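This is the structure I have questions about; it appears just below.
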Amino acid sequence: MTIKAGIIGGSGYTGVELIRLLHAHPEAEVIAISSRGLNGKKVGEVFPSLIGVSDLVFSLPTDNILNECDIIFFATPHGVAMEGAGAFIEKGIKVVDLGADFRIDDAENWSDWYGMEHTQPELLAEAVYGLPEVRREAVSKARLIANPGCYPTAVLLALKPLLENNLIDCSNIIADCKSGTSGAGRTANQATLFCEVTESFKAYGVSGHRHLPEIKQELSLMAGEPVGLTFVPHLLPMIRGIEATIYVDLLDTGVDARPYFEKAYANEEFVKILDEGVYPETRSVKSTNYCQIGIQYVKHSNKLVIMSVIDNLVKGAAGQAIHNMNLMFGIEENAGLLQVGLLP
Amino acid sequence: MTIKAGIIGGSGYTGVELIRLLHAHPEAEVIAISSRGLNGKKVGEVFPSLIGVSDLVFSLPTDNILNECDIIFFATPHGVAMEGAGAFIEKGIKVVDLGADFRIDDAENWSDWYGMEHTQPELLAEAVYGLPEVRREAVSKARLIANPGCYPTAVLLALKPLLENNLIDCSNIIADCKSGTSGAGRTANQATLFCEVTESFKAYGVSGHRHLPEIKQELSLMAGEPVGLTFVPHLLPMIRGIEATIYVDLLDTGVDARPYFEKAYANEEFVKILDEGVYPETRSVKSTNYCQIGIQYVKHSNKLVIMSVIDNLVKGAAGQAIHNMNLMFGIEENAGLLQVGLLP
Amino acid sequence: MTIKAGIIGGSGYTGVELIRLLHAHPEAEVIAISSRGLNGKKVGEVFPSLIGVSDLVFSLPTDNILNECDIIFFATPHGVAMEGAGAFIEKGIKVVDLGADFRIDDAENWSDWYGMEHTQPELLAEAVYGLPEVRREAVSKARLIANPGCYPTAVLLALKPLLENNLIDCSNIIADCKSGTSGAGRTANQATLFCEVTESFKAYGVSGHRHLPEIKQELSLMAGEPVGLTFVPHLLPMIRGIEATIYVDLLDTGVDARPYFEKAYANEEFVKILDEGVYPETRSVKSTNYCQIGIQYVKHSNKLVIMSVIDNLVKGAAGQAIHNMNLMFGIEENAGLLQVGLLP
Amino acid sequence: MTIKAGIIGGSGYTGVELIRLLHAHPEAEVIAISSRGLNGKKVGEVFPSLIGVSDLVFSLPTDNILNECDIIFFATPHGVAMEGAGAFIEKGIKVVDLGADFRIDDAENWSDWYGMEHTQPELLAEAVYGLPEVRREAVSKARLIANPGCYPTAVLLALKPLLENNLIDCSNIIADCKSGTSGAGRTANQATLFCEVTESFKAYGVSGHRHLPEIKQELSLMAGEPVGLTFVPHLLPMIRGIEATIYVDLLDTGVDARPYFEKAYANEEFVKILDEGVYPETRSVKSTNYCQIGIQYVKHSNKLVIMSVIDNLVKGAAGQAIHNMNLMFGIEENAGLLQVGLLP
């Protein structure tokens, strides 16, 4: 069997990443990619890495070929998947939304952050937040997946063992996060021009970023109580990679947190706990679905520091979406996701 | 009058930065630059930006011309200035050490971090920690300046108004800092090769970095009590710039911290407080002696976040050294330091 | 006396570079900067390097303050200076166009390359092509300067000594040129997004680039006959800098070209000929008005290779414009242009 | 059957790239990797992208496990493979030298460029220059492959159709080439530090680079006569990628060169000819074994310009080595080499 996949909103970096990864997938194939603006163009014209590799041609998102798919990936701005997902699901086609439409359980909260009404509360209720390391079972039975945001993925994996084992003070978590510029997308924008980004670094969204409610929601579920989180994202002068440096207080400073991480991820192929004294570099996971986590207890200040890195376009987007697809279709979890990271 | 300046250990990035800035200084001139390894070479051979600009030739650090200087800048690894500074001071020549030899008041503490004995405790006692915004008076009377480290400069300026006004909980300060790669120097080193640094980001020195005791010492002096600080440095894939994102708890969450910053730096030419909602970018201060500071109170978590940026080679090294020189010689503080930042 | 300068079209990289350089100019001051889109904004809001440095506020290009200037710099897309320059000149205000409107002597040829009619043929006839090393006298008497393009500046300076001394075959000149991305401007554009430019390199405009007719015109004037030129520009993943590698055939392969270069530029402050075996790096002239030139005769293939580097925003734009201003106002040629290059 | 591969000199970028590609190879496996300096270390300690991916441990180059291999890849400085290859070949183990020891047919010429005597003239005579598009047959029968250099691969593929069809003047070929910094290797070196390379561009080796004799040798074989070549390499501020812009004169300017390229590479999986007006970008082939070639006839100067891009670590090194291995073992040529390029 080959899973027939369709991509809606394929003109951005997530779209081309889905094509790249699915091209190497042994049991799936992209049969349709849509973009209103690029309708009729070959994918190789838009993404020259695909010249001679893929014969796909962009279609309209209304093209009937999408109804022949087994799964649809929405790689669209918020508000689009919300309107389009239902029709596919009704036809028995599974849906993964790589955007934000189904990530926040509470429709009102979603509206506050995204500035529009949520029109599909039933779908919202049905959607599964697709972090496989947390909801493997639910994902495998889901019809609709809310693929996690990139920052949330890095932060949630770094805190899961601590929260689930009740090891830290949940009221005072600080996540200082840094992202490569591909997270900002491929749309023309003065703020992400080469000359505006390179050789510089800055914080943004300090008073509140759209990934904040999503992270808090999931952390609170892990903790079983509301968490207090300060989340500050920063922009890095590089393409790919997220690093989260997280500061927490152990409830019992005599506890060694490391074994809890090792146990939590012992059977997780895509999460690697680094040795004592080794800190993760974003390049180590470039182009891969891995998350690498370093742990350091800082004696002089009694803080536990957890550092987590992912490739925002893979584990933080397209790779995780494919991981979810694999679970939904009951095939090998790691299918198509075993490429070794590109270094240097 | 022209101040005659000498640079010892001029083969690195701090050396060429001193030449660049002093070349534009209306009342100072570099008359000697030394480097054992480069003895006899023209500065333009080593630093091609100086071709046709400067006729300086590297001499030995033992060359007598250094005794004709009014001021000596040590841009050397730790341990060198400690041995050499005394002889100059005895001759009435002022000394600024851009290295670490005189930054930590306690000789034993210094030895613990730098792995060698401190041989000059009297000089250590005399040396003034040269952060002009904190010790302007002492600097102006000093014979020997310990020029602050780059990370400490960014962190100290960001916290001074809070600590001196007793606004925050001193026991729980987090400084998540990021530095451009020029901070690692110009010595051949696999870890700072282009292909190892670019397109990547990582934390380092998490369990303890040499700038930690220096920062804690100065923060504690500001606070009037020992502070608890977690300091995590990270390496940025860019040349120049330090950004510090600092997380603190206000003692009274109803207090607006902004006016304290504005008052503290109202008369400080080189520290700029940004408007509400504006966060500093390292590129804004590239090539300049400015520090830009942004302040954001995060309501949902009750944290105060302060973000501070400097150019590590200027305000974090050569520029601050010249600022100190200007104070020591009683000339205009900003002499030679008024160039506009290079953007983009 | 202080020269009062105005900038029209100040929202781009050339605008902020003019402000940066004129801020350091001992005899000039920017009193007005205009941009339709930014009218009313402080320059520091748009260019954060100017926070606390300049109090300038963007005005409309129709604002009367521009008529109080002694000189107007047009930093506008083609077609704008053509329409606006005349009114200033009539009022005795000098004009430097950093755009392309007056660079090509032949109005029809201009129209072919720029896709619009040239409406001011009289001004075109009057305008002086402002490459000081070639037309110092004419510039000093001019009312209207066509400031050379960035690629042309690098190529013309590299070939002047060869053509004026009739040393090479004029029919077969190849200029393989590479430019930093700041040459593409600050307008939002997918093609110059960080993620599209960084970690990549490509040729563009191979069949014909707008700087081609300008280069050919000036080379032919130097040679006294039409030249045959193949000019291929490439885009570099960096901010500033142009490098031109130029391949020519000596008419007499026994001739040593180097002395001709040394003689031609012996009295030119801003052109430096590098020693035998030394090749120029763009970073050596970053932030400066210098051009560095390397010369290598390749024995095995009988080619002469000339390599030339400039900072496209300084010697290739704003710096050269100020050099021209200095000549027009009879002040020191190098006024405001003596800052040392930023390295690293 | 699984081909057992060994890597000698695996501490550099070529070594980790061989591991990356062979990890994805369906019929080969790396069973040994050696490095004197890293003996006993896990590959993941040295290359953190391999943490949790590969359990390989560095051995000594004298370790007996290398004799159990079916093929040995030498990724060593020149002079090493020359001494070591013979013993493997005698045991029936195939050898691919990714270094330069067997690339130049003439031992004396080799000595002139590499500064040491060539001690194995018989092996030199036997070695096949492994550019599959040129010598597929010979490669498939070879015991010893001289894997082509990175610049030569880009230049030779760009000129093959022109020379083999006698379309151009062979006496006047110019190859202006640019390489990412990974080509300079992973050894600590001041010249390739991040701060020395980034934000800069320069030519090097202008009077003669070690890849020159190799390129001339192969071009002359294609042309059937000695060629005149001017080859100037440049260093790019990026990790991966080579671009060659090549200037030639058509013997008959009325001839359309494009069909010759299309025919030459119609059946070559790894060489793609771009459409008219499309020029190759290095990023399009990043992480892949592809070569993309653009062709532009420049009417106004009668030059034909060919632009060619490869990833220097893949088609210019490890990928081509694996392509050669596939041919030598009679398996699918493209095995292990079909990953889609990483973009962005």
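Per-chain numbering from 1; labels A, B, C and D assigned in written order.
As a convention for this text, a residue touches a chain if its C-beta (ideal position, glycine included) is under 8 Å from a C-beta of that chain, and two chains touch if they have at least 3 such contacts.
Fair warning: this is a prediction, and the values are worked out from it, not measured in the lab.
Shared contact partners of subunit B and subunit D comprise A, C. Seen from the C-alpha centroid of subunit C, the farthest chain centroid is that of A. In terms of C-beta pairs in contact, C-D outnumbers the other of B-C and C-D. For this pair, subunit B with subunit C, the centres built from the Cα atoms lie 36 Å apart.
Averaging Cα coordinates per chain places subunit A and subunit C 45 Å apart.
Taking each chain's centre as the average of its CA atoms, subunit C and subunit D sit 39 Å apart. For subunit C, residues that reach two or more other chains under the stated contact definition are 13, 182, 186, 195-196, 198-199, 237-240, 280-281, 283, 286, 344.
Residues of subunit A touching subunit C in their complex: 13, 181-182, 186-190, 192-199, 237-239. Those residues of subunit D that touch subunit A in the shared complex are 13, 16, 19-20, 23-24, 47-54, 182, 199, 239-240, 272, 274, 278, 280-281, 283-288, 290, 292, 338-344.
Contact residues on subunit B toward subunit A in their complex (touch as defined above): 174, 176, 178, 195-196, 198-204, 206-208, 212, 228-230, 232, 234, 236-241, 243, 245, 247, 277, 279-283, 286, 294, 296, 298-303, 305, 307, 309, 344.
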